[in-house]
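Two complexes come next, and they have one chain in common, chain A, joined by chain B in the first and chain C in the second.
Moving on, here comes the complex of A and B:
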């Protein structure tokens, strides 16, 4: 018996080794290496680097571009996640009930989230352009869109990208909610009905408590994803106008792969890492705390 | 062979078991890892000789089929004429190429001959990555133009290969609609601004001037010609900031006036709007000639030199491709031979014709109907001889960002031109002092 355990554990190692090696080479090593790099001023072409202690970090907090990037990223995260989550929940509950054409709705809501982000960003660039559909829609409701187009106006560029992100992303989270909804035992609904609960009562006392774990998962995953927003910015605005859509990862890309200041880019990436970790920990604390009580 | 062996191993559990008995454990993973890294390192190493021939690695960016076939046939001709040299071509893309080159230098996996865009050369020459070939090319220096990007401290680090400049494209129909006679074109700043305004008033969907929105590495190229034409410079010849000057102020104010008459968008959309006949003027390069030829052959358009403040021709922004030899090349003489062959004007012209625009590095207009039978290309050539490139400063990528932010702030009314120039001057001085 003992022998079998020994063998199978090593067989296991053998089988997971491709994954482990990839993990070490392409994930853990760069992760640690970039932490070390963040304390160096590097010149990639010359191949020289100089230890500068915390100078990269200190400079970042005096860099108006980086501060703008942090601000925009935080606005993006706080401004999109509640909408994405609530929309996903509403759509999932609606599709889970017996509405007509639910297959059609489900498919059309999910398609944007599985389409390449570059394609979606290009489509939305056209929708947002001066004379595009979104501008025309706004005019119907009596709002005059900015003359330069939504993406080229300082006040509307970031909100436009946020709205796009909500529309694209919530379909995927809706699927997760749908899966969770279908796991709720039928008899709970019946019990609630016997107790005299209406549609809202069932939602409040049966559905919501059961969706708590998946909500926490969605929040954390979506937070991490939203903090890393890049493709939309790269395709649509390149951080402009006037830094109004500059985000943290775009800043890291620009510092690292346009200016080749790897140390500086690594330091910025680590600050982002800390920020994401704090946000995720906060969410787990707030949403995970009542677990024991249920 | 190896693969087959591995498959046998995988299918044979006994062997795996015996390996385990030999205490084959997870602890050997680091060794496997090191082997992989070593192999990767070795595989990346360029070979300098093969079958008794000199092997040269050539990294280049021409990948579209027409241009690539010209590159291939030029390389074939070179190899036939020099049977002891073999050229290995690596294709790079515009989006990834720059990163790939920088990463190659950090990894030591460098080519012999490298095509670099004009604005990239200083970044590499200032770091000792390129070979000083001043003496070897001294005979062709007087015959060719636009050497500025490859010169550093008086030494030459490359040869101009493919040059292009930017001119003003105008829509003939819109000019006539705005009340201009045929053959009546704006030449000075005030005439040009007036024409932009008149066209802009033609209708809601018609715009005067196509102004670039904030696009890194692009916006400054559209502004600098107006500064240069007015005698203003970003950096003095000894690399001090000269941004805060009355000439620059005039240029900035003028440019912002132009922007007011126009459509603000990225280059792709501006070119598109021009082709759709919605723009009176757009400041663009040779690629638009080709694009119009392919997509809107019936568009009534022409090209004009950059307007100057008073009379004569303004100064435009040239760009181009340069061939450089890396300082690590093991066969610099053979590499030089190849560079001289490729940059020979007769050979460059073949490349230009396949691309549909551009000029070789020679002073004289090549004797080819491609050029002298096309009025637009003739205007391009005149402008090319009246063009400049940005200062070859290693920190230029930071300086151009400051200039672009300055223009952008002006376009969004985030300060008066006087304040914006002062601010930009302050920031450029900081970058320059950090560099020293």
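Moving on, here comes the complex of A and C:
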């Protein structure tokens, strides 16, 4: 009954005014301003800006650094999200089975995801350093780690940061999967058992279809998050070595706050914004299409 | 029966491995922060010596305490603001009928999809124009009303019975009295979830505090930690001790309010 509102009054606008102000001043205005800025070139020395139409955008697509940043960010997103999602699902199914110390396991997996990324990145910098534990572990398996350390070699720096991100992030998504699993009515399992379904059959026909909406949600929020990866890069590699870990938000930061070309940086930010929107929409289309039929 | 046992064993084994992956890095940090000197290897499974000297040096450094103080001020202010404003806005959405209501509410949902890092440049310009650059205002004011808070509080207040408010109104209670004395106490479970989420975000936040401040005395703990990494003035055990101080409050709060927090996070996700 309250969805349409109980008291009818102009006071409603007064009560929601904090949100209206925040929305207009700190969200919509920046979003619009950023769009306008992206058509201006900033002259750092003279401190002036000039309208340059689409030149910033044209320059970006010829900028090696920007293309490297887009490539690395896409590799990061495509290379981490499937692992994060699958580990989250495995962990949730394991915790949902009847085992001792469930609560302890659940807490352990969530802790890295609520810890400051700066702190996690500092710790992993040491784990990945020459003589660090990760290098030693690799030697046990007969792989020799790069002498300079995993973060200073072009081939291993990005994968190392990706591996760290998966470990830090999956516990949070496990919580979401766990809640969805606990929402499945018990009698569905029983019905499947009566039909002669084994463990795998139950997983395939009962659990998986039920997890589709939450999987879509996890994919979308993780995509939005992963496209914006910045802190790890800033703390661990500053985009190096040789641009091998340069990501899109790091590029925006560098163009805007190191090189002070705000117009150019805004154009890069807008391209990233569009890219994120397209990726999220694609996922909704691919994974959300059968939702209505169910 | 054996297959059940096998399944449980596999599940337990997987979870032990996952837990080690998640906890060992933080364990190394703890051990690193209570060792006397570093020597050649920085990370050890078992501390070679036990000392709290690195924590003492942090608590006695006025510079370090300033970072901690800044983090506390910013997080507590933003959390308090969100509790008050989200209740107010949520109440407006839940109990009043007014023009454009659906659109304003939809805007909160839409904003949650805007990647915050994408609007960093215009926000920086706006903050500079307002004269807030390098001040607490820059770190607090833009984040006082969180779209997630608007969403959570509207949902929660809509589910509360309206009769109590009606009775209070008949007794002559004002709107503000109803919001802060009647609705707020009833909405405690939702407010706890909101408080933790907002605290978590602000306590750990890096990019915005980093971009919107420049002087050392305005740095928050995560920003200071990231910038201190390369300095000679701090040794690694001290850096780990400071990292421990940055990590512990969130972990403690999570351990205490785990049930409510998990319920809050997941109920929001399952609904949307």
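The working rule: the second predicted complex is superposed on the first by the 279 of 294 C-alpha atoms of A that agree within 3 Å, B and C clash if a C-alpha of one lies under 4 Å from a C-alpha of the other, contacts with A are read in each partner's own complex, and residues count from 1 in each chain.
Basically, a contact is a pair of C-beta atoms (placed from the backbone, for glycine too) under 8 Å apart; a residue touches a chain by one contact, two chains touch by 3 or more.
The shown structure was predicted, so the numbers you read here are calculated from the model rather than taken from an experiment.
*Asks:* One more residue to check, A:203. First (chain B), second (chain C), both or neither?
*Replies:* In the superposition, A:203 contacts neither chain B nor chain C.
*Asks:* Is A:57 in contact with chain B, with chain C, with both, or with neither (first, second, both, neither)?
*Replies:* neither
*Asks:* Considering only the touch criterion stated at the top, classify A:26 as touching first (chain B), second (chain C), both, or neither.
*Replies:* second
*Asks:* On chain A, which partner touches more residues: chain B or chain C?
*Replies:* After superposition, C is the partner touching more of chain A.
*Asks:* In the superposed arrangement, does A:257 touch chain B (first), chain C (second), both or neither?
*Replies:* It touches chain B and chain C both.
*Asks:* On the A-aligned overlay, A:189 touches which partner chain: chain B = first, chain C = second, or both, or neither?
*Replies:* Touch partners of A:189: none, neither chain B nor chain C.
*Asks:* With the two complexes superposed on chain A, say which partner A:11 touches: chain B (first), chain C (second), both, or neither.
*Replies:* both
*Asks:* Once chain A of both complexes is superposed, is A:114 in touch with chain B (first), chain C (second), both, or neither?
*Replies:* In the superposition, A:114 touches chain C alone.
*Asks:* Regarding the shared-chain residue A:152, is it in contact with chain B (first), chain C (second), both, or neither?
*Replies:* Only chain B is touched by A:152; chain C is not.
*Asks:* Applying the touch criterion given at the start, work out whether A:87 contacts chain B, chain C, both or neither, answering first, second, both or neither.
*Replies:* Touch partner of A:87: chain C, not chain B.
*Asks:* Go through chain A and flag every residue that touches chain B in one model and chain C in the other.
*Replies:* Residues 6-7, 10-11, 13-14, 20-21, 25, 129, 131, 257, which sit in both footprints.
*Asks:* Okay, in this complex, where on chain A does chain B touch?
*Replies:* 6-7, 10-11, 13-14, 17, 20-21, 24-25, 43-47, 129-131, 148-149, 152, 154, 238-242, 254, 257-260
*Asks:* Help me check something: in the complex, which residues belonging to chain C touch chain A?
*Replies:* So the residues of chain C touching chain A come out as 3, 7-8, 10-12, 14-15, 18-19, 21-23, 25-26, 28-29, 32, 40-43, 85, 88-89, 91-99, 101, 104, 107-108, 111, 113-126, 142, 144-145, 147, 150, 158, 162, 175, 179, 200, 203-204, 206-207, 211, 221-223, 225-226, 229, 236, 239-240, 243, 246-247, 250-251, 254-255, 258, 262, 265-267, 269-270, 272.
*Asks:* Over in the complex, which chain A residues touch chain C? Could you list them?
*Replies:* Within the complex, chain A contacts chain C at residues 2-16, 18-23, 25-27, 29-31, 33-34, 37, 87, 90-91, 93-95, 97-101, 104-105, 107-112, 114-127, 129, 131-133, 167, 171, 175-176, 178-180, 183, 199, 214, 217, 224, 227-228, 230-231, 234-235, 249, 252-253, 256-257, 262, 265-266, 269-270, 272-273, 276, 280.
*Asks:* Considering only the defined contacts, which chain B positions touch chain A in the complex?
*Replies:* 16-17, 20, 24-26, 29, 32-33, 36-37, 99, 102-103, 105-106, 108, 123-124, 127-129, 205, 213-216, 263-265, 269, 397-398, 408-409, 412, 414
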